[in-house]
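Okay, so subunit A shows up in both of these, paired with subunit B first and subunit C after.
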Partner chain A sequence: MSLSRTHPSWVPYFFIAPFLIIFSVFMVYPLLNSISLSAFQSYGPQFSTFVGLDNFKNVFQDPDFWTAVKNTLIYSCASVMIQLPLALGLAMLLNRPDVKAKGFFRLIFFSPALVGLVFVAILFGLLLGARDGLVNETLRHVIPGFPAEFFWLQRYVMPALILASLWIYVGFNMVYFLAALQSINRDQIEAAMIDGANALQRFVHVILPAIKPVAGFVVLLSIIGSLQLFELPFILLGGAGPENRGLTLVMYLYQNGFEQNDLGYASAIGWILAIFLMGIAIVHRRLTREEL
Partner chain B sequence: MMSMKFIERSSQVMAYVLLTVCACITLVPFIWLGFAALRNPEVYFDFQFIPRVRHVQMMAAPEDSELRKVWTAVLPSDGMEISAAAELVGADLVNRARNEHLIEYRNGKVAWDMMSLQYFRRLLSGNEFPFVRSFLNSVFYASVTAVFATLFCAMGGYALAKFEFKCRTLFTRIVLMALVIPGSLLLAPGYQLLFKLGLLDSYWGLILPGLAPAFGVFLFRQSMLNAVPTELMESARIDGCGEIRLFFEMILPMVRPMLGAFLLITFLGCWNNFIGPQIVLQTPSKFPLAVAIAQLKGIYSTEYGLLMAGTILSIAPVMALFLLLQKEFISGLTSGAVKG
Partner chain C sequence: MLPHSLSPGSFTILTLAVVSSFFIFLRDDPQEEGLEFWMFAKNHYVMYQEEFEKAKDPKVNGDLIAYGAMERRLLSGVLSDTPVPDLVEVQLTMASRFFSGPIEAVGFTDLRPLLEAEGLDKRINPASFSPWTREGRIFGLPHDMHPVMLGYRADIVEAAGIDVNEIETWEDFVRILTPLMRDFDGDGTLDRYLLDLWETDYFGIEMLLLQAGGWYFDRTGAPAMNSDINIKVLATMVHWTTGPSRIGVNVPRFDAEGNRMRLEGGVIFQFMPDWYAGVMQQDVPGLAGKMKMMPLPAWEPGGRRTSCTGGTMLSIPRRAAKPEAAWEFAKKLYLGTEVAEKLYQQAMIVSPVIDNWDEDFYDEPIPYYSGQPVGRLYLELAPEIPQRVPSAFMVMAQQSMINAFIRTRRNAREAGVHEVEDVLDLARAELDAAQTLIENKMRRNTFLNPMEEQP
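Our next item is the complex of A and B:
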């Protein structure tokens, strides 16, 4: 990599200035400020009293926080363990050399990812209607004895959220897997076939190692994304839902910061989430680095 | 050899079948949404997709003298339309007869007169709900943010990728570190900052914080490392090309696919952003679509058709934009991951 050295000295500063100014004011400053903010109990942006580490103590003692942690982790596990295998399977189907119209299928599978979560939530709110929703109507035809009313949004909140997330993200993640599969050298797979490797062996020994970097990236992306779940349950349930069944970490932060107006407490929650996410990113980096 | 070919052929067919089934499952919610917005309220709950004309079919003779009225009214012309039967004996009685399984409904021809654009008209007329205003707000917010964020990120990425200067490594490290900061951590301190700056409930407060995404600078830095040859920059300077003209006329065209992809990603992100405007804005006439539609859900929670029409009009523009820029978008999305 060669760098320019014949430029007047102001040039790089000129080009980075707009980004750096806005970045400092709206990212770095609030970030630093949130450290001190998390030591205050506040009411709105103006009134606050110093409470030291009490915010963190109170968060960990709040049963609602643990409900939010539980719900968020369940959703996150489902995202990785249901969504990603489906996405990979779909990508492998689409990557078959004898399948035509790849672009057409990819376009269809990807399209739900363009719909904003607010709009997805409104759509699924009606699709999952207890009596007349399309999902229940279909299940009634498929499963004999399926009840006349099935309360997704009251009793089965997590399955409902996971169902909606499958519709949104399977195609999105498939695009990444497909790009990775397409970059595998076909000769490698054919060589393995000539050596007598069956489909499973080819998958484990040729395909999986080749897509490992992308798979690692997709796993990290969906863990981080799913841990920040907010809009989908917030709109779908109009809040945390019955018995906090749809309460997530970011919703817990939102409720405390912007409904109870305690920005200090919300900052403390934000830091707990951030440290957790950074931990995951570090572990992920260790794991993927060791494999290299 | 024959059997080998047969296995290959049938697994190809299986692949197509599976792909088609998955494609249908993906598309059904969209199609359902479309018909839900078109169906008239009288028949909204009677059908999932296309409304049909319903006929009455006799099943069993009623004992009840009240219900016998239905029987005698309908019997002369078996299979009369349900609306005609209701006119003769009243809709309540027809419903009761159905609940007691004395009659059944049979779907006939498509009921074109039961579909209309009334919900779209109501939304666009703006008498009940400032939908058009919200739409324009979204267009403004998303395009201004996308254009300037792309420009600033391309400039920043260019500086970090191609110039030797004092703080280059430090800045690059900070950008990389900022990639792992979750947006939700910034909600509370960001809100306080906007309060101090007097930017709450204004578009400045919504747009400014979105103009410097660290991941944008990172993406442009990565793509410019490879795509822009330093020698070209130096020879352009010898030819007397100014630095700013160099950037706009030579550098930007070299990363055109990245520009398109990032523009679209940012536009999409703003268009669908809910939590930002929900926190920053208070005046309803300033709300972009995502917040306005969530409100519409609260106010007209029983007018499903209206809600669905609003949802369609909200997702249609990004769908259209995506269809136009599909190739760039997907290559931009995956470039970071696959090249690694």
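Our next item is the complex of A and C:
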């Protein structure tokens, strides 16, 4: 029995209408409106002045923007270069047949992802406190003469952010890799072993090609997530941090849009970020298409 | 027809959607009678309860709202015509958000005509209006003045036989008190410092700038980051936090680590605005009877002995439903003696209303501060409180000053210099860069006219 015989033709449209209305009102309209908004200097919706492309020009001339770009790119590179290999390594360890209590370890490694970035930021703030932080207390006991005050969150802003994000995201990405590893046919690996392939050769020629689609997806997610970094430095440093060393692109957008109330300028920043993200997605798609 | 053409599941979803929509549209938001009063400070909310209960015609509904939430709601109300209260308490940083648009977009009523008509502008300490004044319009009734003194560990200072009355200038302060700094464990690092001053703490930085006559902006509202006064103060702060001349230490406020340092004598002198004198009593009760207050040492003999920081105003949003009633209640609340007394006794905040300064409660000895009449000491300094020029770019300027401090201090360390004269050029270079940054950001804002003279 076909659908058209049981329901009038308008029924499907009627049921998807709520989604379409909400999506149009809260996504499509603001998105389109932000294009025109980016050509205005605004103070709320009632006061605006047409500035043409000046917002974009000013963004590129603002040293804070380039600081934000630099910080965001460093963080993103670290996310991909450190976080993902660690996540893959953990997944491979847990995928070994001789490892006991896999479920327990999976839960332990994944659990930081359950608590959220705000909690992680507060936790690392306590860990890295200048005098009474757990890290400094420990170092003072272990290293004689370690200074009574050591400002981790002033001197090592980016390493602190990367470390905090490692703690939360390594386990999260590990789950993706583990799922991919578990889907590899054991026969392929055993065949490679019979052919004399060592561990490295098995990893490069059997495991890596098999998990490549998942790895590509995780890389894309990590890059996009990293470029949207906001809550972690905002809570951990109480803003952009000393010398703007924790200023990210989204924080720069927030400062201008919601602290200076200039939504036009913030729209321009948002579109620059969006175009950058689209570029990455296109490159990723091209690369994965070539693989297919 | 409809039920027959739909499956039971679809019919149920549709019914639920229609019924719930019906109830949502029928639901009427309860409109409370009387004045709506928003505030973010819990101690204010508690203090005002009695006044709220007394108010009958109209009655007053006080709403305690978290700082960030209130800021967003108020901005939405001002910018997008969502509901606003009749009265709202606005803190200094929050107020700067409302000043970044054109003057006609500031969502608060200009109180200057009312203040002048009723002679109230003469009854309130003039400096207290300055943070709430833009282009000659006064957008709020000042809640406070926040004069600053130095709070110190009297037990330590007096045990060393030092009389703080001999200290008139910062130079005296350093010369007379430096011997009190200590390295208790002999590890080569000092464990006791003189002053709570650090490069990341805008609290001390701002108080020193204002005391010296500097600020981020000049009287016209134009950036003045690299003024000669600011350069000198920055170079001095670097001198006080670097190398062998270091007297400053990072002592966070509202923080267990900082309070432990205070209690253990890791710092002897602290910048103490009146509100923080109240906070200390609650947060560090272990120092009761060990603390005393003294005026800030001046930058030069005969100079200003106080400063100020923070502040709150009571505003009437322009779209308030009952502005006249709100103004009457605002006067009753802020100008009366009863709330001023509570404000002092519960939070140690002294009133900006000059009529209240003669009240006896300000003369009561405070046991926590070794029996000193702290209120009277603050009030004696009130006429010296510096004026502050408000700006939408204040937060940005604060951050730029902190960054200039960090860089100057690092450059001084790397160059192996720490004397004020040697640091001046380094400070000037960083403040020149900060000036350019703020100028460029302000130039971008077509709504502001920084060249208009403030009254």
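Everything below uses one rule, namely that the second predicted complex is superposed on the first by the 273 of 292 C-alpha atoms of A that agree within 3 Å, B and C clash if a C-alpha of one lies under 4 Å from a C-alpha of the other, contacts with A are read in each partner's own complex, and residues count from 1 in each chain.
The rule is simple: a residue touches a chain if its C-beta (ideal position, glycine included) is under 8 Å from a C-beta of that chain, and two chains touch if they have at least 3 such contacts.
Treat the numbers as computed from the prediction; the structure is a model and nothing was measured.
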After aligning the two structures on subunit A, examine subunit B and subunit C and state clash or fit.
clash
Report for A:82: first if it touches subunit B alone, second if subunit C alone, otherwise both or neither.
neither
Taking the superposition on A as described, I'd like to know which of subunit B and subunit C A:243 touches: first, second, both or neither.
second
If you stack the two complexes on chain A, which partner ends up touching A:219: first (subunit B), second (subunit C), both, or neither?
neither
First (subunit B), second (subunit C), both or neither touched by A:179
first
Which partner, subunit B or subunit C, touches more subunit A residues:
B
With the two complexes superposed on chain A, say which partner A:154 touches: subunit B (first), subunit C (second), both, or neither.
second
Which holds for A:39: it touches subunit B only (first), subunit C only (second), both, or neither?
neither
Scan A:62 for contacts with subunit B and subunit C and give back first, second, both or neither.
second
Now for A:18: first (subunit B), second (subunit C), both, or neither, which partner does it touch?
both
For A:8, using the defined touch cut-off, is the partner it touches subunit B, subunit C, both, or neither? Pick first, second, both or neither.
both
After fitting the two complexes on their shared chain A, where does subunit C collide with subunit B, if the options are 63-71, 189-197, 261-269 or 369-377?
63-71
Return the residues of subunit A at which the contacts from subunit B and from subunit C coincide.
6-8, 11, 14-15, 18, 45-46, 132
If we count contacts the way the header does, which residues on subunit B are in touch with subunit A in the complex?
8, 12, 15-16, 18-19, 22-23, 25-30, 32-33, 36, 45, 48, 151-153, 155-156, 158-160, 162-165, 168, 171, 174, 178, 180-193, 195-196, 208-209, 211-212, 214, 217, 225, 230-231, 233-234, 237, 243, 247, 268, 271-275, 279, 290-291, 293-294, 297-298, 304, 307-308, 311, 314-315, 318-319, 322-323, 326, 330, 333-334, 337-338, 340
Quick one: which bits of subunit A touch subunit C in the complex? Just the residue numbers, please.
6-8, 11, 14-15, 18, 41, 43-47, 49, 51, 54, 58, 61-64, 129-132, 145, 147-149, 151, 154, 239-240, 242-244, 259-262, 265
In the complex, go through subunit A and note every residue touching subunit B.
1-9, 11-16, 18-20, 22-23, 25-31, 33-34, 37, 45-46, 90, 93-94, 96, 98-99, 105-112, 114-119, 122-127, 132, 134, 137, 167, 171, 175-176, 179-180, 183, 213-214, 217-218, 224, 227-228, 230-231, 235, 238, 249-250, 253-254, 257-258, 263-264, 266-267, 270-271, 273-274, 277-278, 281
Using the touch definition from the top, list the residues of subunit C that touch subunit A in their complex.
5-7, 10, 13-14, 17, 75, 78-80, 97, 100-102, 105, 187-189, 191, 199-200, 249-250, 256-257, 260-261, 392, 395-396, 399, 402-403, 406-407, 437, 440-441, 444-447
